[in-house]
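So, here's a batch of structures to check.
Two complexes come next, and they have one chain in common, chain A, joined by chain B in the first and chain C in the second.
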Partner chain A sequence: MLEIKPVFSALLRSKAGAVMLLIQIALTTAIVSNAAFIINDRIDYLSQETGYPEDEIFSFTVKSFDPNLDISQKFEETETMLRNIPGVENAGLFNASPLSGSGSATGLSLAPASERGPDVRTAYYQADENALDILGLSVSQGRNFRADEVIVSQTRDVFPQVVIVSRALAKELFPEGDVLGQTVYFGSDPLEIIGIVELMKGPWLQDSKPDNVAIIPFVSASAFQHIIVRTQSEQRAAIMRQIEDLMLEDHGKRVIIGLKEMDVRKAEYNSSNTLMLRMLVVLIIVLLLVTALGIFGLTVFNINKRTKQIGTRRALGARKSAIINYFLVENAMICSIGVTIGSIGALFLGRVLLEHYSIPALDNMYILFTALFVIAISLLSVLMPANKAANISPSIATRSI
Partner chain B sequence: MFLHYIDLSWRSMKRTPLVSMLMILAIAVGIGITMTSLSVYHMMSMDPIPHKSDKLFSVQLNTTDDGNNWWTEDDVPLQLTYKDAMALHNADTPERKTASVRALFTVQMDDKEVKPFLASTRVTGRDFFPIFDLEFVYGDAWTSEQEASATPVVVLDEETNDRLFAGENSVGKQVYLDDTAFRIVGVIKQWRIHTKYYDLNNGAFNSPESIFMPITLIAPLEIQNMGNTNGWKYEEINTFQERLQSEMFWLQFWVELNTPEELKNYSDYLQAYLSEQGTKGRFERKTPQFNLKDVNEWMQYNKVVSADNKVLVGLSFLFLAVCLANILGLLLGKFLRRAPEVGVRRALGASKRQIFIQHLVEVSMLGLLGGVIGIAIAQLGLWGVRFTSNEYASLATMDIKMLLAAPAIAISACILAGIYPAWLVCRTQPAIYLKTQ
Partner chain C sequence: MLSMKNISKVYQTEKVQTHALRDFNLNVDEGEFIAVTGPSGSGKTTFLNIAGMLEPFTGGDFMLDDVNVGTLSDNQRADLRNQKIGFIFQGFNLIPDLNLYENIEVPLRYRGIKSAERKRRIEECLEKVGLASRAKHLPQQLSGGQQQRVAIARALAGKPRFLLADEPTGNLDSLMARQVMELLEEINREGSTIIMVTHDSELARRAPRNIQVVDGQLADFTLYQNKAMDEIAAKAGQPAIEA
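Right after this comes the complex of A and B.
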C-alpha cells in the first residue's frame, strides 16, 4: 500500500534538498542523544543526596588577629554564645565545611605509617562530640563520641583514639564487614571505629571518593577557624543576618568571612556543572526547533514545486489520504536513513567524549529514544504542509499556471 | 556592481520575507550559541601575558619516591617544598626568579575609621614584580637588603591603597597586618588578569592578591599559607619549624629565562640540584625529574580550560553545522525558484560568473544580518552564563576579537552553504525559460 517505489524515484530526482535534510537529522540525532545523556548525568550529580539537612545549616570563617588571645578558651565561649541564640539547634568549630570545596583529606590505613601499607583516601572533619548533631547526622551503628573522648589541643602531641566513619569508607576499609571496634591508623595514630553514619559527603563532591568521610573528635582552634551552625530552617536567614554583629560583640579583634548557607555553598561549588546543564538544555531545545523548522520549510517548498503534479494526481483519482501518505512516506524514508546515520554518529561522538573529555560512556538507550523522538518530531512537522497539499484542488491540473 | 548586487539581494529578501527571515534566524541562533561557548573558551585559554609567556617558566621538582602517584599527568607534584623553594630562591642563577605563596591577613589601620578586613596576600620575592610586569604607581618594590633582613614592608595594589588612603601616595606610611606593623614601600597599578596563571591552586579565575610582602617573613612571622598543602608521606609535624623542614608541597616557583641557552643552563642547574638532594636520602628516585613549563604549557597542564568547555564548543559548532544544512536546503529552494528570472538575465548578457557572484553576495548579506543578530543572542547567552556562575563572571564577555569573529564566521558559513545553490542556479539554461510561459 505504501508507495515506496515512486516516492523513492521522485527523491532521486531532487537529491540535494533531501540530502540536506538527511544531514540535519543525522547531526541532530547525534548531538541530542549525547547532550541528553550528559544532561541526565549532571542532573543525577546535582540532585544527589548528601546526608545533610542543607536548608538548616550555614557556616562561616573567623579570622582572629589578637596575638594575646587564648584562642581555645575564647572559642569555647563563642560556641556557648552561638548555641544560646534563639532558633539555633547547635553550633561548633570544624576544620572544614562539608560540600564547600575546601577541606582536608588523608589516607587511612590498617597499619601504622612506619609500615607503609596501602591506605584508603578519605576526607576528614575534626570537631567535638556535637559534630553529628550540628551536621544533622546520626549513627546507624555503634555510638557517638563521649565528651571525654574529645581532645582539645593546639598541638598534635595528644591525639584522639576513636573515629566515626561513613558507610562507604567502612566498606572500603573492611570489605568483609564487621567494622565496629576495628582499628585504623591516621599516620602513626591508632583510631578505633566506634560508629558508622550511613551517608555523609566530604568537602569535594567531585572527589574520586566523595563518600569517604571520617569524623575525628579533635578540636584545635586556630586563627583561621571554620564554624558550622544548624538552625531551624525557617529562622536561618534571620540568624545569619545578626551573626557578624554577635561575633564581633563577642570579641572585637576578629573578622568574619564566608558567611554562607550550606546549599548556597554547594551550588557555588557546582556552578560549572549547572552551567553545562543549562547550556546543553538550551542547545537541545533550539536544535530541535531549528530541525523541525527546516523539515517544515523544505516540505512547504516541495509542495509548492509540485502543486501541479499533486493537482494532476488528484484529478486522476488519488484520495486526499494518498497525498498525505506520499509526503509522510517520503519524510519517513529520509528520516529513517538520517536517524540510522545519526545513531552511528552518536556512538562515535560518545566514544570521542569518553576518551578525550572524561564524559561517562553513552548509554545506548539514549540513542534509541532520541531517534524515536526525532522521527516523531519530523513526522509532526511534515503533517501540516502535507494536509495543505491534500487540499490542492484537482482543477489546478487543468490550468496552465 | 557590488552595490547593485546588494540592492538585488535586498529586493530578493523582500520578495520572500518568510524564508529570508527563517534563514537569518537560523544563522543567528547558530552564531549566538557558538559565540557564547566560544567566547568563554577564548577568555579562558587566552594568553595572559603574550609578550613574555614563552619566557616565564613554572618550576616543578619531583622530590617524591619512585612510584609515588600524583594527580598530574606525569606524576610530578605541582608545588615545591619550603626548603627547595627557598634554595632555588636564594640561588645565584638565573637573574629573575621567585618563590611565592598565598596567605590571608587582616588589614587594619591604627584608627577606628577603617573596619578591619581580610586581604589576600602574596608572600614572595622582589623579583615577582618585574617577572610579571607589575608597574608601580608610587614607590617601588622592597630592596634586596630589606628582603634579606626580613623587614616588615608591604606593597599594596591600587584598590587597597584607595580603600585605606583614598588613593594618596602612601609610601612610608604604616598598616597593620594581623597586629604586626608594616611599612608601605610601594603601590602597584591594579593588576588585571582573567586567569591567575601564576597560582592556579584555588580557582584559576580568582583575582590576584592585593598585598605583597617579602617571602623571608614566612619563618619569623610563622605565616600560614592559604592555598593547597600536600604531603606524600607521613611526617610528625608539631611546630612551625618542623613544617618548614617537612616534605610537604605548598609553594609556587617562577623563573624568567630569556634565551634557549638560559633555559638549558637552568635545566642543568636543576638536574644537579636534584641529584645532590637525592644523595641526602630525602627521596628514593633513580633519575631526577623536574619540569620547566612556560605560561601556556602550564595552563594546559593544569587544565585551565575544563573538558566541559571543550565539549560545549565542539557541540555548538556541530549545532552551527545543522543550521547550515538547514540554510542550504532553504537556499536551494529559493534560488531554484528564481530560475526563470536568472534565465532572462542570462539571455540579456549576464555571465555565469556574474550570476554566481550575485548569489554569493546575497547569502553574505544573510550571513551579515545573521551575524549581527547572533551577537545579540550571544550577549543574552553570556548574560545567562554570568548569572549562573560567579566563577565565570569575568570570563563571560566578548572582546573585540570575538565581536569581529561573529559576523566573519557567520558570513563564511553562509558562503559555504551558498556555493552549491549559487552554482546550480548559474548553470541555468536561458533558452528553457525564454520559451512560452
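Right after this comes the complex of A and C.
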C-alpha cells in the first residue's frame, strides 16, 4: 500500500533536508549526464580505428650533419639496410609520422591554382612506392604506386603525377561517385587519383577532418628526415633497441632522435584527452558517492528524528513493509523532482558546453540513463536505513516520552 | 476476551536480567474498564505492551479473542493491533508533520479503508472529542489536553474492541485529566473494553475494576467505588464486590 498524499504533505511541512537533497540530486543528474556523455565521446575518440597496425610500427628522425654527403644516395642505402634487419617488414622515408601531431597539410582543388576553384583541406604524406606497405595499408580500389611514378628530388622542379587518397578525402572531393582517374590539383600540379585506401588517419586526430589523407609519391631526403619502420609486432621492441647502433654503423655523422612506437606517439598526442577522461571519471564517481551518502545520511537522520513516530505507526498497525514503503515513497518523491530539475539543467549545461567548448551536442539518452541510474542509486541508499527503521520496536511508542 | 496465564517477561541486558513480569495471570471480559496501578517500575507498561502486542513475552500463554498470540507472525500482530486495539499514550504520540485529520487517518490507511469511509469516521471521531473545527491544525497548535483528545479520536476511529492507555492523563493538569477520563468513560459505556494504567488514585477509583501490579505480579484486589459504577460493571457481566 503506497500512501503518497500523506507522505507528500508531511514532506512539505519539513522541507529543509529534502530541499538540500533535491538540489544535490539535480546537480548530480545535470553534471553526471554531461560528464558521461563527454567520457563516452572521448573513449570513442581514443579507441577509434586509425587504419594502421599501430603495434607493428615505429618511427624516428635522422639528423645528418655531414655537409659533403649525397643525402638521397645515402638514404637509399639506409633504407636497404633497414629492410634487411630480420623481423623488419618494410621501412622508408616519410615527411611525417601518422598520429604524431606534426605533419603537412594542403588544399587539394579540382582546378589549378590559377583558376582558384574551391579546395578541400587534407593532410598528406610523401613517400615512395613502399608507403602503403610500410604503414600496413592497402588500396581497396585502384592500384598502388609503380616505382617509376616516384619522384626523388631535392627540389620541386619535377612533381609526381599520381596520388592515392583516403575514402573520406575521395568522398569530399567527389561526392557524386567516380574518383579513380580524376585529376586534382596540388597548387598548380595536377595529380591523377589512382587508388583509394578505405581508412587512414592524418597526423592530427583532433583535427576536424582527421580522415582526409593523400599520399604523394615524392621523396625529398633532407638533413632532418623521418623514417618509418614496420616490423613483426613481437619483434618491434628488440629492433628498436638496436636501431640507433645500426643507423650509426650505417653512417657515423648523424644523430637519431625521437625514436618512438606509433601507439606511444598517439598516446602522447592524446595525453590531455586521457587526463580529462580520468578526471571526469573521478568527478562522476565522487558525485555519485556524495549523493548516495547524502541520501543515506538524510534517511538515517530522518529515522533517528522519527523513531518515536515510527514506533507509534507500528503500534497503530503498520507492517514493517509499510514503514519501508514510507521511506521509499518519500525518497522517490524527492528524487523524481530532483531528477526532473536535473534533466532540465543537463540540457542547459549541454548547450553551454556545446557553445563554448566545442563539445558535440548532448545525446538525450544520456540524461535518461543518468536519471534512471541516480534513481536506482537513491533507492539503494535508502533501502538499508529504511530496513533499520522497519525494525524499530513498536514498544518505543510507550517507552519513550 | 483477553486471558493471560503465567505470563513472564525477562529483559536481558548485558549484565542484568530484569524480571519485569512473572506468573502474571489476568482475565479481561468484554466491556470492562480496568485501571492498573502500582509502584514505578513494577511492570505496568510491560503488561500493557504485551497486552497490546507491542513486545513479545518470554513465557506463558496469552489468548486474545481465542487467538494464541504467541504463535502469530509480526505481520499478523500488526494487523491485529490495527483491527482490534486502540492505543493512547502518555506523550500523545501524534505525528508532528501531519494535521489532526491526517493523524487520525493513519491507522485507517493501514487498514485499507476507502477514502470516503475514512472521511466519515474521522469527522465523526473529531466531533466526538470536540475538535471538529480543528481538523486542519497541526498537533503543536493544540494544548496537551486537546492533543490527547485527538489521540483518543485516532484510537477510536478504527472502532477497536480494546483501548489500551498508558498514563493517558500523566502529562495533563487535573481539569484536563478529568475531561479525558470522562471521554474514556463514555467510550466504555458505548461498549469498548478499556485498560488504563494510571498513577492518579482518584481516577483509578472511578474505574469499575482496579488491578495493582507489584513487582511484576498481579496483586489481587478488585474494588468498585460507587453505585453508578456497580451498575456499569453489572451490565458488563462483572460481579460487584465491595472491598
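Here are some notes:
Please note the rule applied: the second predicted complex is superposed on the first by the 399 of 401 C-alpha atoms of A that agree within 3 Å, B and C clash if a C-alpha of one lies under 4 Å from a C-alpha of the other, contacts with A are read in each partner's own complex, and residues count from 1 in each chain.
In this section, a contact is a pair of C-beta atoms (placed from the backbone, for glycine too) under 8 Å apart; a residue touches a chain by one contact, two chains touch by 3 or more.
Source: prediction; values computed, not measured.
On the superposed chain A, the two partners chain B and chain C both fit, without a clash.
Of the two partner chains placed by the overlay, only chain B lies in contact with A:Leu280; chain C stays clear of it.
Between chain B and chain C, more residues of chain A are touched by B.
Look at A:Pro394: by the touch rule set out above, it reaches chain C but stays clear of chain B.
Of the two partner chains placed around the shared chain by superposition, chain C is the only one that A:Gln309 touches, whereas chain B remains out of contact. Once chain A of one complex is fitted onto chain A of the other, the partner contacts of A:Ala147 are absent, as it touches neither chain B nor chain C.
Residue contacts after overlaying the shared chain place A:Arg13 against chain C, while chain B stays out of touching range.
For the pair chain B and chain C, the least inter-chain C-alpha distance in the overlaid model is 10 Å. Common to the chain B and chain C interfaces on chain A are residues 401. By the touch rule above, chain B contacts chain A in their complex via residues 19, 22, 26, 29-30, 33, 36-37, 104, 106, 108, 116-118, 178-179, 202, 224, 226, 233-234, 236-238, 306-308, 310-312, 315-316, 318-319, 321-323, 325-326, 328-330, 332-333, 337, 381, 384-385, 388-392, 420, 424, 437. Within the complex, the chain A residues that touch chain C are 1, 3, 6, 9-11, 13-14, 308-309, 312-322, 393-395, 397-401. On the side of chain C, the complex with chain A involves touching residues 45, 48-49, 52, 54-55, 74-75, 78-79, 81-83, 87, 89-91, 93, 95-99, 102, 105-107, 109-112, 138, 154, 158, 166.
Residues 16-17, 20-21, 23-24, 27-28, 30-31, 34-35, 38, 63, 65-67, 102, 113-114, 155-157, 187-188, 223-224, 253, 255, 257, 268, 271-276, 278-280, 282-283, 286-287, 290-291, 293-294, 297-298, 301, 304-305, 353, 356-359, 401 of chain A are the ones that touch chain B when the two sit in their complex.
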